[in-house]
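Below are two complexes that have chain A in common, paired first with chain B and then with chain C.
Moving on to the complex of A and B:
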C-alpha cells in the first residue's frame, strides 16, 4: 500500500469516515511480538501505548509496530506498510516530507484529539531516529 | 433469469398512461424501448421500480418468476433492479461516496470503507470521472452530462441484474455519450439485462440492441431487431 493511496482516500472522506478508515487500516497491521513490547520500543509522547521496532536488511527498512488504540494502529499500518522495503537513503531523505504532506492533505488533526494527531509526528520522528541508529 | 412485464395497465391521477404492455427483458440482452414524447416510456421505467405516484390497475411485473408488482423500491433494488433517472435528483449533504457505499452495502456483502473506495476509484476511472467527484454532494452543481455519468457510475458500482436506463443519452455531448455508452457496454454481459429507453437512434450507434420495441400512446406497437431503430430515424414514429 502506498502512503499516497491512503492520503487520497482519507482526504476524500468526511471526519467520521476518516476515523472509520483509520480503524480499517489498523486491521492490516501485522502481529507484533509480545517480547518486543518493552520500554525501549515505546513511542514517546503518545497518550496510548504504542511500540515500534525497525530492522535494516540489505539496505532497506522494515518496521513493525503495535498500539492499543485503534486509530494509532491505523497510523502505524499506513506508515509501516508504506515505508517497508524502502531504501534507507530514500527513507531518510523523504519520509519526513511525505508524512508532512500526508498530515496537511488529510486534515486528520481536525477529526482527532490534539494528542492523537501529534502521534503521527511522533511516530515518524521515532522511525527516522531508529533507522539512523542502525546505519 | 428474466424481467417480465405482463399486460401492464398504469394510471397517474386517474388517467391511464400504460394501456396493456407486455415485454420480456432477458439476461444478457439489451432491449431498446423507443417512443415519442408522452408515450409512457418514463412511466414504465418508474413503475418497474415501484414509484408510489403510479398505480398499477391491471397486470404484473415478474422478476425471475417472482411477482414484484407490489414490492417497495428498496426490495426491488435488493433483488437486482436498477433505474437510471432521466432527471437525477440533487441531494445536498450526502457525498457521492457515502451515497454509493450505503447503496452498495444495502444490496451486497458489505465492504470496508477502504475496499469500497478502491472499487469506486476503479469505476470512476473507467468512466473518466474526476476523482474529486467522490467527495461532492450527490449531483449538486453537476452539469447535465455529469449527472448522467454519476447515474452510470452507480450502475457500474452496484452491478444490478436488470438495469433500466431512462433516457440516459439525453443532455450528453458526443464525447460524454461515447463514454457513457462504453460504461453501459462494460456492464452488458450474459448475467445482466438492460432496458434502454431512448428517443433517438444516436446512442444505438454505440450500443447494439438485441431487440427494439416501439411504445406509442401507452402500447407496444412494434417489436423487431436493431434495424427497427434505423427505420425510426429515417421515417419517424408516425409512419411506423
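Moving on to the complex of A and C:
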C-alpha cells in the first residue's frame, strides 16, 4: 500500500479510530526473523524495543522490521509497505518529505503518547541511514 | 473540594480522568492564585531590598518555610528550599559524602527512583565508596533481614524511599531509623510520594534528612524541600555557592550564612515557594488523613477490579500507597496507555524512572495508575471499562 493511501485513510478518522487503525496495520506487519533481533538492528531512541533491517536488491529497497509495541509496529508497517520495492535513488530523494507530509496530514504524532521523541521521524531517519550504508 | 480548573478540560472529546498523580498532581485554584498574586502584587527579590515589595515578598517566602516545618513537625531552620526532590537528593549525595573515606558504605534499596540512586552511585564512583542494595521480597516489600545483615560499622549512609513510586510499598522508616542510628549512620528518606498521601512527622520517623517535591503535592513544579536535623545541617558543607548563602566575602575567602540560608544560593523560586505554601494550606484544609482514607479506598477498589482481569499482573504489596503498576500478558504497556488516552484517561507506562527495580521484577515496562484527592470510584469504573476495551483491541485479530 502506498503511504498516501494510508495517509488518506488515517486523516479521515477521529483520534480513537485512528489509533485502532494504526494498531491494525501493526498486526499485519510481516514476521521478522528471530535471528535478526540483534543489537545492531535495534532502532535507537525508540521507547519500545524495535528492529529494522534493509536489503538493497537490483537497485531497490526492501525493509523488514519488528517492535513489541503494536503502535510502533503500525508505523513500521506503513513505512515498510509504502517503501518496499522503491528505487534507491527515488527513496533517498523523496522518503523524508513523504513522511513529513504524512505526519502533518494525519497528526498521528499527537495521538501517540508512547513516543516522547518523534517516533516516525526517527524511524525514517534510520531507514535512510541504513540504505545509504548499503549503496 | 477546592476546584481544579484543569479537570474541566476535555481530552479527545472525553472528560479528563487524571490517573497520573504519582508523576505530578494537578493544581487547585488557590495555588494558581497565590502565584499569580505574587507576580501581580508584590514581585521582588527576597532577603535583599529595603523596600515594601521586597519586605512583603520576604515575609511571604519565609512564612512558607514555617508552614512546611509545621506540616512535617520540624523547625523552620530545618527547611531548605530546593528545586525538587532530585535536587535535594543530589545536594545530600554531594555534601554527605565529602568527608567519607574510601570503602565507606552506603545502603540503598533496589526499589529506588533514579533520583535516589544515580547521585549516590556517581558520587560513590568518584570517592571510592561502596554501595549495597537491599533486595525485595516477591510481594514487593523490603527484605529487612537482609538489610540488618548489610548494616555494619562501615555503613555511613542509608537512603531509601518512604513510598515506592512503582510498587506502592510503604517502608517502615521508624523501625529502620532505630537500626541505622544504632550503627551511627545517617538516614535519608525520599518522601516524594508519601508527603501528599500521609501525615509525615519527622520527629516520629526520626530520619536525619527527608526530601520531597512541591509538584507532587498539588503545588507548582520548580520547588522542592530538603528537611535536615538542625545539628546535622550546621555541620553539612554547602552544595551550591553564590549570593544569599554567604555571611562575608573577601577576594580571598568566604564565610557562610547560617542554616537554612547556607543551602539556598542565588535567587530562589519565590513564586513557586509561595505556591507551595498555598498547596500546604489546601492539604490541611482537605485534611491529610481524609485524603489518605479516600485514596486508600480508591486503591483497594481498583486493585479488586484489576485482579478480575485474567491476563493482568499487579506488582507490589496489598497494603500500599495510592498507586498500582501492572502488566498485561503479551501486550505492550505503551499500546494500552495510548488507547486509554483516547478515552481521556491519563496514565503512565514505561520504566517509571526505576530501571533497576524493573530488572528485578523481570519486566521492560509497566502501566501505572496513581490516584489523587480528586479521583472518584466512577472514574475507576470508567478506567476498568476502557482498559478491558484496550486489551481487546490489542489481542483481537
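The criterion applied here is as follows: the second predicted complex is superposed on the first by the 132 of 135 C-alpha atoms of A that agree within 3 Å, B and C clash if a C-alpha of one lies under 4 Å from a C-alpha of the other, contacts with A are read in each partner's own complex, and residues count from 1 in each chain.
The rule we apply is simple: a contact is a pair of C-beta atoms (placed from the backbone, for glycine too) under 8 Å apart; a residue touches a chain by one contact, two chains touch by 3 or more.
From a predicted model like this one, the values you see are computed outputs, not experimental measurements.
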- [ ] Judging by the criteria at the top, classify the pair chain B and chain C on chain A as clash or fit.
- [x] fit
TODO: In the overlay, answer first, second, both or neither for which of chain B and chain C A:103 touches.
DONE: neither
Open item on the list: With the two complexes overlaid on chain A, check the angle at chain A between chain B and chain C, Cα centres, nearest 10°.
Closed with: 100
- [ ] Examine A:21 and indicate which partner it touches, taking first as chain B and second as chain C; both and neither are also allowed.
- [x] first
Open item on the list: Quick check on the superposed pair: does A:49 touch chain B, chain C, both, or neither? Answer first, second, both or neither.
Closed with: second
Open item on the list: In the superposed model, which partner reaches more residues of chain A, chain B or chain C?
Closed with: C
Task: Touched partner set for A:71, first chain B, second chain C, both or neither - done: second
- [ ] For A:12, select first, second, both or neither according to whether it touches chain B, chain C, the two together, or no partner.
- [x] first
TODO: In the superposition described above, what is the shortest C-alpha distance between chain B and chain C in Å? Please give a whole number.
DONE: 9
- [ ] Enumerate the residues of chain A that count as touching chain B in its complex and touching chain C in the other.
- [x] 14, 20, 27
Task: Touch list for chain A against partner chain B, complex - done: 8-9, 12-14, 17, 20-21, 24-25, 27
- [ ] Name, in rising order, each residue of chain A that touches chain C in their complex.
- [x] 14-16, 19-20, 23, 27, 47-49, 68-72, 111-114
- [ ] Could you pull out which chain C residues touch chain A in their complex?
- [x] 12-13, 332, 334-335, 337-339, 341-343, 349-350, 364-365, 393-394, 397
Open item on the list: Applying the document's contact rule, which stretches of chain B touch chain A when the two form their complex?
Closed with: 95, 97-98, 112-114, 117, 131, 134-135
